[in-house]
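What follows is a structure written as structure tokens; I'll ask about it next.
When the chains are written out, they are named A, B, C, D, E, F, G, H, I, J, K and L in that same order, and each has its own residue count from 1.
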Amino acid sequence: MKIIFLNGPNLNLLGTREPDIYGQTTLAQIEKSVTERAAMLEAQVEFRQSNLEGELVTWIQQARERFDVLVLNAAAYTHTSIAIRDAVAASGLPTIEVHLSNIHAREKFRHQSLIAPVCCGQIVGFGPLSYLLAIEAAVSLIAKK
Amino acid sequence: MKIIFLNGPNLNLLGTREPDIYGQTTLAQIEKSVTERAAMLEAQVEFRQSNLEGELVTWIQQARERFDVLVLNAAAYTHTSIAIRDAVAASGLPTIEVHLSNIHAREKFRHQSLIAPVCCGQIVGFGPLSYLLAIEAAVSLIAKK
Amino acid sequence: MKIIFLNGPNLNLLGTREPDIYGQTTLAQIEKSVTERAAMLEAQVEFRQSNLEGELVTWIQQARERFDVLVLNAAAYTHTSIAIRDAVAASGLPTIEVHLSNIHAREKFRHQSLIAPVCCGQIVGFGPLSYLLAIEAAVSLIAKK
Amino acid sequence: MKIIFLNGPNLNLLGTREPDIYGQTTLAQIEKSVTERAAMLEAQVEFRQSNLEGELVTWIQQARERFDVLVLNAAAYTHTSIAIRDAVAASGLPTIEVHLSNIHAREKFRHQSLIAPVCCGQIVGFGPLSYLLAIEAAVSLIAKK
Amino acid sequence: MKIIFLNGPNLNLLGTREPDIYGQTTLAQIEKSVTERAAMLEAQVEFRQSNLEGELVTWIQQARERFDVLVLNAAAYTHTSIAIRDAVAASGLPTIEVHLSNIHAREKFRHQSLIAPVCCGQIVGFGPLSYLLAIEAAVSLIAKK
Amino acid sequence: MKIIFLNGPNLNLLGTREPDIYGQTTLAQIEKSVTERAAMLEAQVEFRQSNLEGELVTWIQQARERFDVLVLNAAAYTHTSIAIRDAVAASGLPTIEVHLSNIHAREKFRHQSLIAPVCCGQIVGFGPLSYLLAIEAAVSLIAKK
Amino acid sequence: MKIIFLNGPNLNLLGTREPDIYGQTTLAQIEKSVTERAAMLEAQVEFRQSNLEGELVTWIQQARERFDVLVLNAAAYTHTSIAIRDAVAASGLPTIEVHLSNIHAREKFRHQSLIAPVCCGQIVGFGPLSYLLAIEAAVSLIAKK
Amino acid sequence: MKIIFLNGPNLNLLGTREPDIYGQTTLAQIEKSVTERAAMLEAQVEFRQSNLEGELVTWIQQARERFDVLVLNAAAYTHTSIAIRDAVAASGLPTIEVHLSNIHAREKFRHQSLIAPVCCGQIVGFGPLSYLLAIEAAVSLIAKK
Amino acid sequence: MKIIFLNGPNLNLLGTREPDIYGQTTLAQIEKSVTERAAMLEAQVEFRQSNLEGELVTWIQQARERFDVLVLNAAAYTHTSIAIRDAVAASGLPTIEVHLSNIHAREKFRHQSLIAPVCCGQIVGFGPLSYLLAIEAAVSLIAKK
Amino acid sequence: MKIIFLNGPNLNLLGTREPDIYGQTTLAQIEKSVTERAAMLEAQVEFRQSNLEGELVTWIQQARERFDVLVLNAAAYTHTSIAIRDAVAASGLPTIEVHLSNIHAREKFRHQSLIAPVCCGQIVGFGPLSYLLAIEAAVSLIAKK
Amino acid sequence: MKIIFLNGPNLNLLGTREPDIYGQTTLAQIEKSVTERAAMLEAQVEFRQSNLEGELVTWIQQARERFDVLVLNAAAYTHTSIAIRDAVAASGLPTIEVHLSNIHAREKFRHQSLIAPVCCGQIVGFGPLSYLLAIEAAVSLIAKK
Amino acid sequence: MKIIFLNGPNLNLLGTREPDIYGQTTLAQIEKSVTERAAMLEAQVEFRQSNLEGELVTWIQQARERFDVLVLNAAAYTHTSIAIRDAVAASGLPTIEVHLSNIHAREKFRHQSLIAPVCCGQIVGFGPLSYLLAIEAAVSLIAKK
């Protein structure tokens, strides 16, 4: 069982900026928790972050050969990128959308996700726990197949 | 740790109708899985379903004295009920919104949740697994307090 | 051949209020005409009215075991209730939407029916005659099956 | 009792094309059924079809001298023609709008009828039965006068 | 002179929750002040609260026989209930809409009242004083008749 | 000086229907007044009416060789016909839009004219006088050239 | 206790024009009733009317030094003047918006008040009684401070 | 026969600025032509211009005692002033809206007139000729009474 | 291989009017080029133009028996005619939409084509070349079958 | 080099009210700073403030003879006044729009400026510094000519 | 004659994914066909693909020195990228927009192209044939110059 | 005092393309003027340009450690990039948005800036002078801290 976690723009700043919205945990710490939890569930994870929309598109394309599930936090691109949506749809990978903050309680332009309609499901608003719940969901999705 | 699960209109039909959208598991089966998983996490759960908006409002109001977390699948009322939103906000209970289907991949009028902005987070699209993930999230929310 | 007629909020006032919009016939009189006409067509009818959205939802759910066709005048809930729409869709019953008044000639918020897309057809604007035409349509729908 | 049935663009193709939407009955067959049913109700009917918006306008204008009720299936012009709406309003004839398919369950631009607000009532979604119900409604409207 | 006060969903929580928006006075205390003020103006009042949209509809229907004026705080249903609007219009009772908070200074979806167009007037934003002003207005409306 | 007056759908009914909106003068009477007034201003007029959008398009195309000014009351097509707009623009003729009724005081869909932006000017709301003022304007436009 | 009543454009015509909307009482008569009622409540009132948006702005600015409460009927400017809204917000005076007619039952452009969000509360639809209720509310607001 | 012409903001600049839109004739020259033409028709005219919305409101109010018809070019206030609309409605004077330029061929925000719905008619796009046509229309309106 | 080219309103004026938008080639010249190119590709073409929406509908209906591909320049009707859209859908003919000008670089109301969703493809903006490219596309579509 | 600074409604309150939005500097202090900075750049400035939309219109009209550049803070009228926009366009003066606060970070109705499209440029959000930057920009604009 | 073909995000997956929408031909195969056809027309082509919006911008900028025509399939960026639009406009190169699928028959957000208004023309919906038609169009555009 | 100037897509073409919109000065020349002016104000500047949204995001993230103020001309990304907005907000750097052209006088989609709400202020429309004014503003912002 191999799961890839892709993280979008500005998530590399996690834990150092705007902690009232995004919390104080860094992306590295989330990666560590996720890896440990995955190990308990006998899954392998890979973790990446990019500020470039096109690089995320490329990674999603490449993922379909090497991974069973994609967990995607596209951050700001969630609301503007049809290219990422198309990549997810084209990849054919079961995809789980996650967000740290509750996007529905923020600015109106963050309420709509262009990517959600081509995902299996969405987990939003639980901070780093969103990622841990996503592993569990991912493992369950793989098991079903 | 006490968690209440409230289910909105038509969820009593689960498993017997429109299985391509909602799956073949009944609400009773979901309740059973949820109770077992909760027991493993040393939490108690209560499960209710109503077709009446106002009854759901009343249950939410009553929940705040007896429960630590509310898990809410308001079904169709998700998109039309300000009364339920107000009850959630007034209850002061940490609330997790769940949906069996991916509401963002369905009709446009199901994309917006009036309740989400007053919840902690949302878990949508994983079928009965959405409920199981919600327990884990609930337990974690209680632990944080 | 068994047909259920469900009537929404304020239809219990029929004949006593706003006769310029809804006519002077009471709901009981409509029920009587409908029963007679049904008898002529060898069909049985049951007639109910509720002001509660959730009670209508429950009645629709229960109807699917005992009736062949549902004739539904959801009145004000026509324009606001996704819960009733979902109940109709879930019931799998052939459903005919009726209205006494021509909803398209009234306030803008009465022009759209949330329920119509999951019905077989709609008959609006003929006063009590709308109900009589609905029986004929219902009998014909049953005959086709 | 004289009733005119006017049919708009493409209805001449009925029964030969897109039978999954419009059914397999031809317009001639509908005319035959309608004529028979009318005869039973001691009414005379006339049946016409045109692809020309302006010709429909002219026929509606002429109808007011020779007919008691107009039954109108304006097809595609239902959603775009103010000219037909004005003709109906100017004719002063009681008018019944009919559609074979359930226009509310199709593309969004078919949901709104510009003509409905100046008609007595609407019957949609019952296939050729829509026309038969319209005769009954027409006879009833004439009887009331 | 008999005046009925109907209160919508969540108003039973008044005084115990979100006091920064709704104040610290309970509904029972408001009822007491209203009763006293009414007595001074030689009017009788009755006070009710329900979380159920349909129950409010029923109470409004019943009020028209026994009361001279209806004072209505439909709370969340103000913005979503055509059924309550229809009940008010059908009741024929002079109706005064009241709100404790200034709905125009809150979320956008609270700015529009579906009920206001069928009321005589509106009093919003003065906390419990809104109810007291409503008695005075009610007595004055009765006096005019 | 040659001026053509083109009249759109339903204007042939003028004077016989809906006199509260369109007045009691017939189109023939208007034509007579217009011809007389034109004679006084040493202009010739031609008067036509059609219910067919395409026929109006053809007449506008033909007018450019034989007339100096076009006076156009496109009636219902005013609000829906890009084809007539294109014909006016292509004709290169100075064009004056007229309406008998004040279209801005009627239904919302009559407020916008698709044709106005390609005309010189608009005269609306004066009944048959609108046509007489148009002659004067037409003569003045020709004089300027 | 000093209260200023500011009245916007066309209110000087009160009682002489459109009595079906605004009633037959003149502004002078309202001022008299208001002054008497105020005297009973030991409050002083000042009454002004202007057709000039900017003059109303200036009066609101000046009021903050000399008055305790502002009662404002901005009439037509209610729906178009951000300048008056800014003046109210800048004045820091507790402000009560009043309207004689029920603005929510009139044209759509009168439904929204730009000023309401910066007022304490709104009283609309009671004719001259709206002003008398406003005094009572004003006195109560002062008493609370 | 007495006719008042009221001109709104920036019309005092006429003839000296933006001649491609508004022409080269000054307001004084228009006044002169209008006065001469009026004299021929045995009518008296008065001509005023103001940049102040409120002053135009006041002049409209005063006009109803002294004039038979109001000709109004509210210029920019045409699209933003409910106060002027209310004044026209309250004045009860037959009112003719005029514009020099074709407002429908300019920026989108100039297409809608808030004043038109309370006028008898509109004449737009003929330059100074718009004013001369308005006299003729005014005289005709007076004659009808 | 037989291809029909249908041309909508005002295209008969091609080459003589507004050459900056539509070029200087006449429709007859386009027909000649098209016929020659078709001959080279061993295809037969027929060329028609009508200003009447309904006539275009009729021609499209008739085309399905005698032609293999429809090339359609519906001109102004592109943006307003559901009737033509329905005819194309009903004909079942592979259809190619062409436009001489780049409709996306013109007025906003020309950006949307009601017909495009039921066509195979669209070629816009290349002047007469659009027609020549359409033949090539048509021949290729036929070859594929 | 002569520059006029025109200030709109409520700016006379600057420094005494809502200092968290507009800062603590008074308009007189801004005028002083501006005059000093202008002197250094060998420019003369004139400073005015009005609450009256029409007075601002008049001042803008008059400015074109006596000044080289207009610096305009129309305050609330920025978002509602077409009259001021027209005056700026008619004046032909190079105009610089300034705002003390960042209007894009405030209420939605302050995001759009009706005046900006006819100005050279905009400087917003720097408090009194916005005015000083405007002088520099003004001097530079004059120098270019 | 040198023509550059630029392809946007996910087009590198062509032929291997979602063949029901995009067909089974790979981008390499399209390049080969295009090169061959170009050779026949004595044109040289260059073919590139990128998932990065900014890289496409850069390539468009560079193209203007080395190529005569740009053929652009911006894929998902078609609907979201003003940057690519600006690059096309700035490049001054005649540009042809192509799409494999008929974007007008897909999701609503694919109907609008931000790039089309700055292109010469558009060819959509013909699969790989769209590219071949584009060469022909390109050669013709160059020939005209 | 260290100030970074970041420039978005296509600004590298400055001075060579579309000079009527963007002027004839190159970005290098602007950098030179800015550096000189900065030196006079004892500030250091760094200047960068990228066509890649994600690279701009990264540069903004890195800027917060090394610079005191960010001056940002995000060009086309101004209107589409939430990612850049989030980077600015996350950086915590005082940010000044600049544009060479007056974006409010151009296409509608350029009127809204997604970035402006998280900036201190905006300077638009002065060509290269916008950048020089920004230095002055930046120095002043640093001085205030």
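The definition used in the following text is that contacts are C-beta pairs under 8 Å (C-beta built on N, C-alpha and C of every residue); 3 or more make two chains touch, one makes a residue touch a chain.
Predicted model only: the values in this text are computed from it and were never measured.
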What's the overlap between the neighbours of chain A and those of chain L? K
Please tell me whether the contact surfaces of chain C and chain D are same or different in residue numbering, using the over-half criterion. same
Report the inter-centroid distance (CA atoms only) between chain E and chain J in whole Å. 48
Centre distance in Å when chain A and chain H are each reduced to the mean of their C-alpha atoms: 63
Find the geometric centre of each of chain A and chain G from their Cα atoms only, then give the gap between the two centres in Å, rounded to an integer. 54
Among all residues of chain B, those touching at least two other chains are 52-55, 80
Every chain pair in contact, whichever chains are involved: A-B, A-K, A-L, B-C, B-E, C-D, C-E, D-F, D-I, E-G, F-H, F-I, G-H, G-J, H-J, I-K, J-L, K-L
Write out the stretch or stretches of chain A touching chain K in their complex. 52-55, 57-58, 61, 80-83, 85-87, 89-92, 114
List of chain G residues in touch with chain H within their complex: 8-10, 12-13, 17-18, 50-55, 75-77, 79-80, 109-110
Contact footprint of chain L on chain J as seen in their complex: 102, 104-105, 111-113, 116-126, 129-130, 132-133, 136-137, 140-141
